[in-house]
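What follows is a single structure, and I will ask about it in a moment.
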Amino acid sequence: MAETSDRPATDAVDDVLAGDRVGGPVPGAAADPLVSEPADPGRPRRRRRTMSGKFVAGLVILGLFVLMAAIGPLVAPYDPSNLGPDVLAPPSWQHWLGTTGTGQDVLSQLLVGARQTLIIGVLAGLIATAISTIIGVTGGFVGGIADDLLSLLSNVFLVVPALPLLIVLTGYLPNGGPVAVAAVISLTGWAWGSRVLRAQTLSIRRRDYIEAARVAGEPGWRIIVFEILPHVRAILASSFLFTVLFAILTQVGLAFLGLVDVSQWSWGVMLYWAQSADALNAGAWWWFVPPGLAVALIGTGLALLNFGVDEFINPRLRSNSLRGRAARDSAGGFTPVVRTDPQPSEVQR
Amino acid sequence: MKFLLRRLGFTLITAWAAISINFFLPRLMPGDPVQLMVARLQQQGAVSPNAMQAMQVAFGLDDHTSLIVQYFQYWGQLFRGDLGRSITFYPSSVSEVIGQALPWTLVLVGVSTVISFLLGTVLGAFIGWRRGSWAETILPLSTFLSSVPYFWMGLIVISLFGAKLGWFPLSGGFDQGIDPSWSSDFVSNALYHAVLPAITIVLSSVASWILGMRNMMVTVMDEDYVLVAQAKGLSRLRVLSAYAARNAVLPSIAGFALSISFVVSGSLLVEIVFSYPGIGYSLYQAVNNEDFPLMQGIFLIITFAVLLANLVADVAYVLLDPRTRQDA
Amino acid sequence: MTSTTSGPGAEPVLRTTSLAKHYTLRGRGRRRTVRAVDDLDLALVPGTVTAVVGESGSGKSTVAKMLVRLVRPSSGRITLDGRDAGRMNLRAYRKDVQMVFQDPFASLNSVHTIGYHLARPLLNFGRARRGADVAGKVRDLLQRVKLDPQFADKLPHELSGGQRQRAAIARALASEPRVLLADEPISMLDVSIRLGILNLLGELRDTDGLAILYVTHDIASARYFADRTVVMYAGKVVESGTALEVTDQPAHPYTQLLISAAPDPQRIEIVDVSRASSGAASAPTDGCRFRDRCPFAMDVCRQQPPDVAVTPSHTAACWLRVDESQRPASGREAA
């Protein structure tokens, strides 16, 4: 097949995807921290306790938006679809974020639209991650022709430009609800995660605990679910966050083109109405700035969270060089010395 | 060599897949949007029998021929460059519409992407090299920029540099008064119009190159060969360019495959915001008019362009990678 | 029909005939074949320990992995009670043949408790039913390897290296196997607890009549622990015999080198021998594979030496053991 695992560029892509380094394997230092070992010995546990500032910042930002999605419709001052007398009014005490060309309240639209935007993003992230787990982990674990075919499939989906394909797809499909939109988006968004997960699976499928599980009579599906998946959690999380970000950006683009149901408020739909009413030329910045800013902020939150996960996977990435080096030493420092037994006397003779 | 051949094989397979998707999509979709569309056209009396025939082949409305025969007919049409007729720009063919729009997009998106890649890679290498220094203050900003929707960035750029400051034209690819030609008047006018969309694309896409390169640099800087090079007392700049950056940039190039389709998708929307006469704007018009032949034709062409860009990246990879160069 | 007797002299339970494993390495452009194991005849007898000794890269782990069918042999046969292993159901085969891995830090999954690790094979091999039965059997297993039953609820990282290796042995015992393959079971452990693990394995051999394959690079521990010793170099057996014969009267120059490198072959607390010297990887694949490092190498050593009986139970593959008049006239063909 055209795509096999021993090609330089593929490997390098996998390295990028996994946030890993270039070149050949480096004993211990770079190879091991990739796989999350939640409770591994010989490796100080304190590293896991330190949550990076980025991670916390990401959590806070996302927490706010989740709150907005949860209570937004309840606290919105107006009905977002209600036409008001003030048309294209700039921000005021009455309308904190001004009004649209038909006098609708922008703040209310923003608050109400958060829910739809987030639901589609998270849903698409979940579906895509499920697909990439099934395809990536299975391919990496099974190997051989099946793996060649599955990775060919994900490579094809990786290079085919998503938006034009989505446009054609949604153009043909009748305007569906959020689930349909999420499903279509996830169809184009799973390949990235699949590649990363496959690379990870390849790197751990020959580990002793996997072979030991085989010897213990474990069937293949149990090895995948109970032995491999727990060790790719960090990658799974990272790929999920990335896909949510992709899904939110993509749905905003689709909505902007009017390819979703534009009577359901979401941030992309707000931008669609702003564009079709030519808010730009009307100088109504308060109409199109808030939804885009919200998207960018939520994306920043996701990216920050993702960096936190990446740094957990690859401690060298931390900004602070001292902390980075210290983490590297404690996390990966590989000592080719026979491990000593801390409590030799505990073995009862 | 073998590597490039394999990449070529992959490209062909992907192209085949895209073409087949294009063929099967309208035939497998629930409901009958195409049928409706054709009926509407016929009512308007805008379709000649000839064009009707071509549409039927392109969309499988002809119930008398089997799917397989249709598939081969479709390939035959493709090889003749026949993508059917556009509804929006009737009686122009899809190929004509694309032929007019494509150069605009190729230049705008191509040049902006190259600029963005180079800029981002150099900046990212520098930041990764000076880990822990003031240079890292760029990182939060990059993070924010990398999550901004491209087209929204376009709106902001227009309202700032166009509407407010009036430095650049708000929309279009050239002034209405000038006829497209290779005259210096026209070219400079077109360049003038391209500045804002180009800035938008660069601003939106540069951040992800910066972040990617920075991460690779940080990782590579700790590798033994870089430490050894430093220990040997080579100049810092030489260590940076010849050892660290060179190895760090390889995955960046390999990762091009991931980013390019994303960048292209974003850029198409930027064209819409600027009413730029490229392929993205044609796509927008096609969507608004339910012009399926045009939509599908554009999907194919964009896919081919992305595949071509990937091949170019592969060649660059082989040229830069010391390992593959040895036996190439 | 299976012999129930155990100890030296009983019928072997597991046998290999001309077993070989060749890996093809696909480097850039050229292909290279690594002959990890060649022409291996081995017989594991109930109630005895057979040691496979060799330096790093000599193919010891490959032998163990072929025997537990994690690695498919390139050629040759494995038979369990005379039945072709390649045709047996994998689970049925592994019910009888189990393995303990070298590194107890790597062979237990850090996310599962010790109890989980033991319960899985008990259920998979039908040795226990879900529920209280499993819990009881897990306790029994822990007791057999002399671990407190409360270890069942602990995660691997809460155990010391020696305790982990005991848990790994308990897991291998869950299926009530007749053959136990132990791949360097003590090399990753602290010197002070190595003896305890070996004694445990020795007890299992005696009480359960287990046929044990003891893989090691430490010939001194083989002398202490094994009944028979097989010395491998670069994938080939160069000498085999009773453990005492091989260590006390080594007949092959390589074995002699191994023993001279060991500080004191009479004692068990041996430091790792010949970890660094891996001439095996680049050894010639024709003739005597040891000849590049052998102080006695002759022209004739370009040809494969025959297995020469030193005593009825002790053979060595070396031209030195062949009477000069019997050696083929050689040296001419040296290309």
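For clarity, chains are labelled A, B and C in written order, and residue numbers in each chain start from 1.
The rule we apply is simple: a contact is a pair of C-beta atoms (placed from the backbone, for glycine too) under 8 Å apart; a residue touches a chain by one contact, two chains touch by 3 or more.
Predicted model, so just to flag it, every value in this text is computed and none were measured.
Set against the Cα centre of chain A, the chain with the most distant centre is C. Closest chain to the protein centre (all Cα atoms averaged), using per-chain Cα means: A. Inter-chain contacts peak for the pair A-B. Taking each chain's centre as the mean of its C-alpha atoms, chain B lies 58 Å from chain C.
Averaged C-alpha coordinates give centres for chain A and chain C that are 46 Å from one another.
Distance between chain A and chain B, defined via averaged C-alpha coordinates, is recorded as 22 Å. In chain B, the residues that reach two or more other chains under the touch definition are 323-324. Chain contact summary for the complex, chain B toward chain A: residues 3, 6-7, 9-10, 13-14, 17-18, 21-22, 25-26, 29-31, 33, 131-132, 136, 139, 143-144, 146-149, 151-153, 155-156, 158-159, 163, 170, 212, 215-216, 218-220, 222-224, 247-248, 250-252, 254-255, 257-258, 260-262, 264-266, 268-269, 272-273, 283-284, 287-288, 290, 292, 295-296, 298-299, 302-303, 306-307, 310, 314, 317, 321, 323-324.
Chain contact summary for the complex, chain C toward chain A: residues 26, 65, 68, 70, 91, 94-95, 98-99, 101-103, 105-112, 117, 120-121, 124-125, 146-148, 155-157, 160-163, 166, 168, 171-172, 174-175, 187-193, 196, 272.
Chain A contributes residues 2-3, 7-10, 12-13, 15-17, 19-23, 26, 29-30, 152, 155-156, 158-165, 167-169, 171-174, 192, 245, 249-250, 252-253, 256-259, 271, 275, 280-281, 283, 285, 288-289, 291-292, 295-300, 302-304, 307, 310, 314, 316-317, 319-322, 324-325, 328 to its touches with chain B in the complex.
Of all residues in chain A, only 6, 37-42, 207-209, 211-218, 226-227, 230-231, 338-344, 346-349 touch chain C in the complex they form.
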